[in-house]
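In this document, chain identifiers A, B, C, D and E correspond to the written order of the chains, with residue numbering beginning at 1 in each.
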Amino acid sequence: MPVLTGKELRIVGFLCNWCSYGGADTAGVGRFNQPTDLRIIRVPCSGRIDPLFIAKTLIGGADGVLVSGCHPRDCHYAEGNFYARRRLEVLKRFLPILGIDPGRFDYTWVSASEGQRWQKVVTVFTEQIHALGPAPRFDAVAPELLAKIAGAIGQGGNRVAA
Amino acid sequence: MAAKYISREKLPEWLKALAAERRVLVPVEEGGSVVFRAYDPARAPVFGSDATAPPKGAVFPASQELFSYACGKEGEDANPTLKLEAHTEATPTVVFGSKPCGARGFLIFDRVYMGKKYPDPYYIAAREATVFVTMACDRVENTCFCHWVGSGPADAAGSDLLLTPVDGGYLVEAVSDKGAPFLDSPVLADGAGKTAEAEAVKAKAREALGEAPDIADAPKALLGLFDDLEFWRDQSDKCVSCGACTYLCPTCYCFSITDEGAGLAGKRVRSWDACMHFQFTLEASGHNPRPTKAHRLKNRVGHKFSYYPTLHDGLIACCGCGRCVKSCPVSVDIREIVQNAVAKAKA
Amino acid sequence: MSEAIAYYPGCSGLGTSKEYDTSTRAVCAALGLSLVDIPDWSCCGSTPAHTKDHTLSAALSARNLQLVANMGMTAAATPCPSCLTNLRTANHRIEAAPFKAKVDKLLDEPYGGDVNAISVLQALVENVGLDTIKAAVRTPLKGLKVACYYGCIMNRPPELMAFDDCENPMAMDNILAALGAEVVPFPLKVECCGASYGIPRPDVTAKLSGKLLEAAVGVGADMVAVACPLCQMNLDLRQSQVNRAMGTNYRIPVPYFTQLMGVAMNIADTEIGFGKLNVDPRPVLSRALSGAD
Amino acid sequence: MRIGVFVCHCGSNIEGTVDTGIVAKTALDFPEVVFATDTMYACSEPGQDGIIQAIKDKNLTGVVVASCTPRMHEPTFRRAVERAGLNRFMFEMANIREHVSWIGKDREANTNKSVDLVRIAVEKLRRDAPLIPSKFSVNKRVMIIGGGVAGIQAALDCADGGLEVVLVERDSSIGGKMAKLDKTFPTVDCSSCILGPKMVDVAQHPNITLHAYSEVDAISGYVGNFQVQVKKKATYVDWELCTGCGACMEKCPSKKNPDVFNEKIGPCTSINIPFPQAIPKKAYIDATTCRQFVKGKCGVCAKVCPTGAIRYDMTDEIVTEDVGAIVAATGYDLFDISKIAEYGGGRYPDVITGLQYERLLSASGPTGGHIKRPSDGKEPKNIVFIQCVGSRDKSLDRPYCSGFCCMYTAKQTILTKDHIPDSQSYVFYMDIRAPGKMYDEFTRRAMEEYGARYIRGRVAMVYPKGDKLMVRGADTLAGTQVEIEADLVVLAAGAEAAKGAPQLAEKLRISYDKYGFFMESHPKLKPVETNTAGVYLAGSCQGPKDIPQSVGQGSAAAAKVLALFSKDMLESDPQISRVDIKRCVGCGKCIMTCPFKAIKEVEFRGQKKAEVIETVCQGCGICTSTCPQGAIQLSHFTDNQILAEVNALCQS
Amino acid sequence: MSRLEELKTRIREALPGLECVIGWQQGYDALHNTPLFMRSDADVDKLTWGVLNVHNPAVYLPTMAGKKVGVVVKGCDSRSVVELLQEKLIDRDNVVIFAAGCDGVVDLTKVKAKLAAAGVSAGNAEKVATDGKTVSVTAGGQTVAMPLAEVCADKCLRCQFPNAVLADVFVGDPAPQPTPNPTGNADLDALDAMSVDDRMAFWRYHMDRCIRCYACRNACPMCVCRDHCIAQSREPHWLSQEDSVTEKLMFQVVHAMHLAGRCTECGECQRACPMDIPVLALKKHLNRTIHDLFNYQAGVDVAAIPPLLQFKLEEDNIKERGW
């Protein structure tokens, strides 16, 4: 069953088991209402999240990706989120050059006790994705846009074969 | 059949007429490379030089769905139903403006995919639906060596129509039964007066290539060097094991098959494969009979100049277009390797 | 040392607290801190605007800050804590992009968002430094007992103002100590003077200001040094109102701290402008400085 | 694979906002799902039996349960599928309660989302492989970190249970905060009289090794086999020789140092035994004040020591203790009252903390049990107590209730009246929190029998006026401002995490909340466990607690350790990383990033390869996301499993 | 003795102790040089030094691990060697680095365009002459002179290291430090100037013609997974073999992310691409990010740790986003 057309967008979350997944549980236990778009994939640690998963998800057609791990210094595995922070930040800054709005990906830290914070994160991020709308897709670039780019590259003219 | 003539100015008119009825692929410039794309009057075709990538994909796409499948289930424990769907039908296509070597490549394909033993319905359909209008060369490049492999700048083998550049336009000749009806186009004028000039153009180009070396001993020589790994190490030292040479080769026909499933549905995909890649012969156990690039380059050269000709009446599995030389990131030169092999065998 | 900072006097600087403005200019000039006037500056968007419309208020501040940016400067100093609050609040609010967009819509030129606003007090402590101030003292205020009264908004809210301790600020204490004065421990440094209640509820203002005066007298202060035009007005101009309401008989001078700096640095009387105060500090000053007390 | 899907109603918890029937029915369309049903309570006995029966009847080889969070019942269901003969890792959960039914009421969206979550669980399960744990032996020694009442109780219970116990205490004596208290509420018992015997028991117990004046430096290893490096700080006194006679303290010329045991309201000597009942009763030298160290000459204590125990050249020493389990009982510290400048703590000497007041009340305190105010030694008459100083205050980032302050303040007003009959206590409070046995009655007594005046409202400001302190606040019941002239102001400083708690948590690899308190495994059901196997919590290190709660937790943690040690061999979690040796190029990036040193370099047919040390690997998967060619894969969370989940979500 | 002759002498001296020395020789025509594996003195005679030595010979080193080899490097190539050493992918004891000051190398794409503009085809090149400032190419009987600055590789325009950062044998005088020329960043500047949507169209346009030959990967000296690249494996199965823009672009993302903090910007990926796809821009962008975030540059310090394989408790330049 696809996301509810017109109502939901495709948002994928990657959450570490120990903190943020627990934080999402805490939000559930506390009955903190949240938008329904997000689908959570549980991983042991934010350090397990290869930035390529996020790239793959976004290029594959998701409208947004949210990653959440333990607060820095609070990683169950001591160091996972420190590595994650560097890698995810690099990815976040890399996305725009690919043509992906960096607002479609965010990462944050939510502890197992921060149910309310999780509610806020989900709500704000979902709103952010809805503001951006459905993600444009690489395999469905509008022909006019493509022609415009082709024209611009053609005018550059330096790479014409003899 | 009488040759026709078309002026450069009239060419778009002819292309438009052709495109009205079928897919027409022409070489166009894209980001510095020349590739075959559907004809678009707004984009001027590039006929001057050989395309970066040959029109191989017109008949043998880089990847192609062989069939799709969908499993159906009705409730628990019911036997799943399986629905297969295969599409072999091909789009009628004209490949317009390739060099003759680009079309000649399919002669090597034909023997594999249209033979009696394993006829390939996808290939056969596409091959039969495609007409090649090639353009004879009026100049040659340092990487050209079609004359080594029994071809030449105006080789009609594999083509259906042959255009030869003459003053102001092109002489148009039908060089196959499939090509003949195309001469009826009202856009074409009589070409009788241009034949001589065209012949001169062809001869001049052929002459520019010079004499081809004698590589008649290559099949034997290469086979004889099969176990000489040091020779192959020396030849392959600089090779980086990429697939540029094979994917750009008009005669390389190898493929891989993978299944891509999503939930209960999926498809079987055939995609180009390259014998220069480690994975080409990688076995499920992890063993690889061609573990090094020396093994793999040996295969590539050996296949083209020895194993294939031995199986197929001496036909060399190379059209001499020179793309493998020109596009190689490190300028590995297949001509040099063949010559080295012949020389080594002589010695 | 020669440092320059944009100078935003605020509306009271041209009116009720002219002496604060002139003494500030004179003192800074003498200390080598060049105050550069902002051409065509306008209202900061304080009380009347911000009670009505936050966007408009922020736009007025942003307009002035952008003028500073156009001067090629990155910071502005203002003597008035009310202006300071408003300028800093605007800077804080426009960190939210949607709010900034609304503000920019009201402006001829969008605000770049990178001009900092600080108080003259902060500029004197940080840009000039106590050592320089100490070195500039010609007439030490020896024998003068001063209570430093900062007012309620100079350091509040602390996250926004980001200067000094919001409950026990020391900047003015340190300056006056550098001038040689004896700074008495004044416990009500940041208590409310009654502020804007002066018009609708003068009884409240009288009570609150009265408490301040009582505490200042209680700790033995000769005068109360202030840094806010509104505080100054409530404590000085309304002192007789306070006395009437509370049945007291205070007559304690309430100069701006810059005026006391002017005295210590031998700045011309015209710039110090003691004459503009209700309770003239000069008799108390001369008595204290001569050691008569 | 033959997959069964069980969608739980959880009564109405899930069914209320999710159509579990549709979820189950839709799940039947997923690949390899041969059975799907909804069930009332999957975790109940009939629920589990139903799963087991279905596995047998339908020949299932894998199970998905869509119910609550896997953090709650994954172990339950794993045991269930194991009882049915499956490998317990051939199981996945879809969290459709906490992550779906409880966070929204849109039944259509929730049902739809649940289907998606089941879909990704199925896709993950299809790529699961059976995992077999390996076994390893347990070192049946336990370390207790912290010698307050919670740690003392845990140590005694473990030792009585026959375990070897290593107790590590940061200060020179055990006893913790309780040792500083004069009396305890609500019985007004003498604190040191009830704690003292327990401290002596620790000293005399043959199974307990005490490292006082020591701190945990580093921890490595894993449950059953930890190696802990303990730093024994230099005391400059040979404790083998010290008899605790106190001769050194009498003669020490440096007498004016703030006495930490007395919360710095009294002086002490540089060489010191903090209090008469100290365990161990040994002297130590504070090198930051000792003249021998500060000025380079003195040596008085060395001269007077009858046993010649003084060692000025002593240095810190590291000892390594091998233990199988660790109990953290590091307690709490007090909120720094000087952070609330309007109360004047730290500025005005007569504004003190409740614990300082406790020392003023104590007969062993600096005033010999007479209440004298610090500024001038006068006996105060009007005493204002302010509650919730650094508690329940969002603006100070201390939103939590410290729990015990209401009670000890009530106790202190009672003791004040006992000490100074003509005194008057005022208590500014927000709410009175007295939910323990006899607690509320106790606060009532303070008001009704001892005449303490309780004023409901916050204090705005404390400022000096003459030799009095003016306390200005609100009386929210009367709706007025009040101003009280006080002689002494006692602030009920809130509890906060002990200094260094986050650093210790990092060493223990346990979580802590944003305030530095250690995180328990489950707030209701696992209050003394942590998420790191073999590490337990007791007392206020987990959050503020009073004495009986702390003692109870000490015993609970001891019970957990004894249960753990009842087995000779433990099973390692097989969800660890594994190296595909064919794909490994031996670059060593996984070795560099592994936080546990669980990967080593080995040589295989002349080539460098990585190899995982099974018992050390904790299953974080950092290596998997580091390895560019994906040659090292975390079992149960492989690239292909996560990619399958991603694809299922992107393509659905 | 010229630099080249001195190089040859030094290589001949070292050759007996080495499996081979990797350098360059003239290739199939005057315009194309090709990597040279010197095993004998006769091989050494073929060695060239100059603007046509476009290839990065460091790419071969990891495949020859365990053997003691020599390598001739330009400044930029030496950074790859340093990076390989830093990641312990090659052994310092097993590599002898020969170097000389570099005046820059040509970008053959630019040369071809110049020739085309003059009406001749690079495919007919007969002779190339250079004096360090100008490159003169004779093709089809016509000689076209072009200033080196106009036809040199973009990386040379930005070059910070004309001399090897690490060398065992350095011959001749060091090359002078060039002044960075901003046009060397024109590709990235152009992308920066585009809207996000335009960039998506840009990559869609270019990646469409990718033939998935992996020349970009295989020419990359830092792509050490080689035969085990996740682009072609099923375990793990990151990519399908379909000829789709998303799969092809995803590979470029894989390549770039795997290079984050490791890429020395030698440009081989783009030079090797037979389809002229501007894939280097992705890595340049990433390098800029790495520099902004971690103040780090790959391949200059053997003792450094790549930034993504380490961390700081408090990152200097990563700000927490508020929610």
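Just so we're on the same page, contacts are C-beta pairs under 8 Å (C-beta built on N, C-alpha and C of every residue); 3 or more make two chains touch, one makes a residue touch a chain.
Just so you know, these numbers come straight off a predicted model, no measurement behind them.
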Which chains lie in contact with each of chain C and chain D?
none
Using the contact definition stated above, find the chains touching both chain C and chain E.
D
Taking each chain's centre as the average of its Cα atoms, which is closest to the average over all protein Cα atoms shown?
A
Between B-E and D-E, which chain pair is linked by the larger number of C-beta contacts?
B-E
With centres defined as the mean C-alpha position, give me the chain A-chain D separation in Å.
33
Note: chain B sits from chain A at a C-alpha centroid distance in Å of 42
In whole angstrom, how far does the Cα centroid of chain B sit from the Cα centroid of chain D?
71
Where chain E touches two or more other chains simultaneously, the residues are 109, 121, 123, 205, 226, 233, 238, 244, 276
Quick check: what residues of chain D touch more than one other chain, meaning two or more?
582, 593, 626, 639, 643, 647, 651-652
Contact set on chain B toward chain D in their complex
71, 73, 75-77, 261-264, 286
So in the complex, which bits of chain C are touching chain D?
165-168, 185, 187-188, 191, 215, 218
Touching residues of chain D toward chain E in the complex: what are they?
580, 582-583, 585, 587-589, 592-593, 606, 626, 628-631, 633, 638-640, 643
Looking at the complex, which residues from chain E come into contact with chain A?
109-110, 112-113, 115-116, 120-123, 190-191, 196-205, 207, 238, 244-246, 249-250, 253-254, 256-257, 260-261, 276, 281-282, 285-286, 289-290, 292-294, 307-308, 311-313, 315, 318, 320-321, 323
Looking at the complex, which residues from chain D come into contact with chain C?
340-342, 347, 461, 463-466
